[in-house]
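First chain written, first letter: the chains are A, B and C, and each begins at residue 1.
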């Protein structure tokens, strides 16, 4: 009797194992980066099942750090958050660029990412898409706003919102006349700049309506007219622009903050082949074009132009004339120590009365 | 005479149901007044109206001359001893007794003095610090009463407080309560379904049935001279015959029972020719009477001897199968009677009472 | 295999589960909390006391949790009393379901519900404007009062349920007896009902206090600009600052300090944990 029970249990485990045997790709990414129609298409083409987990930079790193790089086959961190994390925790594996169809990428972007994610002579990521942080403005109420300083401007009292995270610190740094990225190497100077920014943000705290916690919350606040000046992503501004022409993304005169989200393969990924397949699949012009049209996020795919919705192109051209593009401040890899300093500053701002 | 409680034309309706139906009575100061009735007769509702937990539909309740309408229970000069006593388990004995005094903001020293005095009076000196669960049933009883009496209420209402006790203790408490009432002189209103409790303790008993008072009187009156068939049947044991009145001669009637026995018996006011009910107490029957002059007699067979000391009875059965109880005096004169014996039973016409048979209300 | 062998066979998975998934991670975190980049140190714990922002955040969180617990109690007592003593049995089941209903959706959805109601362009403002009660919309979100209301709402069930179960054992005649002996309604609550419900109040209060102290979503979303909650602090240490050592230390400090508060609370009200648990 007991033997039978043991066998039954064993059989059950085996079955469970078989059920697991279908090839899967475990993808750790941002919301919107794996649209359902593309997932379906990929599964049909390759027979590989895609399991998607949504996250953000900080949580992605924490998750992979907790498992020392296991549990996922592919992650999509921002390029500036890879090198130092890799140095400290070793959660990624080097990219085998021979498995990447490099002709699919915009060459300069691929090179930049390679360079920025280099640790010990090896690179750890390829680009997927890019975008900027800047201002989302309701021009009917706050026309002519072009500076990060709008976030501490008393004339928008009670109508200001931003996410209490890195971008607002960096943006304000530029607005106050610093070049934060140039100070990355100089901890002390960086600290002094942060102190200045902290003081400004605490002083201007009464002007703030709320610190938004996720993109939807931001969109809702601006859409309803509760907020007229906000720090936000370009694609969010464009989404709102479709509903209300008064609302638009504004690249600050100090320069929008440019980010590139990438593909990086966790150190203990189980299905590396599927990961490369997904990367090459997503960068194919027609797929990248569909992604960009839907999410309004520019792609790193070279030939996607013909597949992109003209409405998106119009948004892009409106917000990004060539001069503005040239002025984008691209995030360089951030040293680990600085993030801890920033964390404390952010805590103090939040706790300040 | 002074009355502590005057009730007039009191009615309580729950929906279409009349729990208390036009009841009026007075309770003299310092008396022990019982309301006796079967469960569901409305006596608890009546008591709760006096205490203030229910509001009457109509009628008037006066306590010491004051109309109680709209007066909440915590402001009425009456206190209630609950059926299950409702002692506060989170407090000790002294705190229970002091509860009401404390609500009246009596100074602490006086509370202590009066509490101790009260404990002494109910025979529990030095019990103040005990927890409630440490007390026996009888002791809890006394604390519950003490808790009320310490407030010097005009009326003490008691809702079958002896119900939960075992028989022996109940007998003892009956006497104790009676003595206590005599000692403190507070007016007691006691409700019970146990006729023996009511008869033993009360100065006056009201028999209640279906929301109405059937009869109010001293225990002796109720026992000896019931005014309604319900009282005759409910107060004390009674044998009962159905029959027909054939002749009415002043205070006496001639009744032919359904089993064709013919008896003379005392007539109650409303009895006349026609269907009637005859009640006869077991102790009114004489076994094998020596002289039968002026007695009603009939033959019966002994079915069983119900020995119960001074309260022993014979269970007998008439030839047509009607079961009757007869008192069996324990004076050794009837030691020869065994089950199966054929005997003659006789009784004086004055002991049996005849009521006109009424269709019972549904 | 004898009986005790079988017993161990079945118990082993449970023990393994407990050990691998609960004990081991905690031990790991505990060790982490005593480490810094330089090696073993108490620095992570010292940081809590030397950096005012950390302990002030904890004090704030604890004080607000206590306030929330008391408010929850004040709101729940009449609710539980109504459910157990005043409502008819059939209505009672319905009321309990009404209380449970919000808990069938996630806390996030509940909080968003409140946000839709209370925001400046929200349902309540719209109603008040239409009724002419307000001239211009007011922001009802993002302040401490709203946050506490949200926390009370989220915690109420955990107070009402233990209260309902203790109140069910309260003999109605005790309440009537107190009333009969001259007590006013408030006095009855103070002297009879609350002392009777003490075990339920204590267990409910502990649960609510711990839940509120450990809450993250509600203070974060409904609270204002200043509403830094201690759990957020821990989250920030782990996620934003990558400082797991500090985060682990904060986690254990939260555990220790909240246990202290519960212990003090029990002492102040003269209760014992064993009595409450039984």
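Simple rule for what comes next: a contact is a pair of C-beta atoms (placed from the backbone, for glycine too) under 8 Å apart; a residue touches a chain by one contact, two chains touch by 3 or more.
Note that the structure is predicted; figures quoted are calculated from it, not measured.
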Relative to chain B, largest Cα-centroid distance belongs to chain A
Argmin over chains of |mean CA - global mean CA| returns C
Note: chain C sits from chain A at a C-alpha centroid distance in Å of 34
Distance between the CA centroids of chain A and chain B (whole Å) is 88
Chain B to chain C, mean C-alpha position gap in Å, rounds to 56
Residue numbers in chain B touching two or more further chains are none
Note: chain C residues in touch with at least two other chains are none
In their shared complex, chain C is touched by residues of chain B numbered 51-53, 72-75, 78-80, 82-84, 86-90, 99-100, 103-104, 147-148, 151
Touching chain A in the complex, chain C uses residues 1, 6, 53, 56-57, 119-121, 139, 141-142, 220-221, 224-226, 228, 232-233, 236-244
Seen from chain C, its contact residues with chain B in the complex are 171, 173-174, 176-184, 187, 191-192, 195-196
Residue positions on chain A within touch of chain C in the complex are 2, 58-59, 61-62, 65, 85, 88, 158, 165, 205, 208-211, 213, 217, 224-226, 336, 339-340, 343-344, 346-348, 350-353
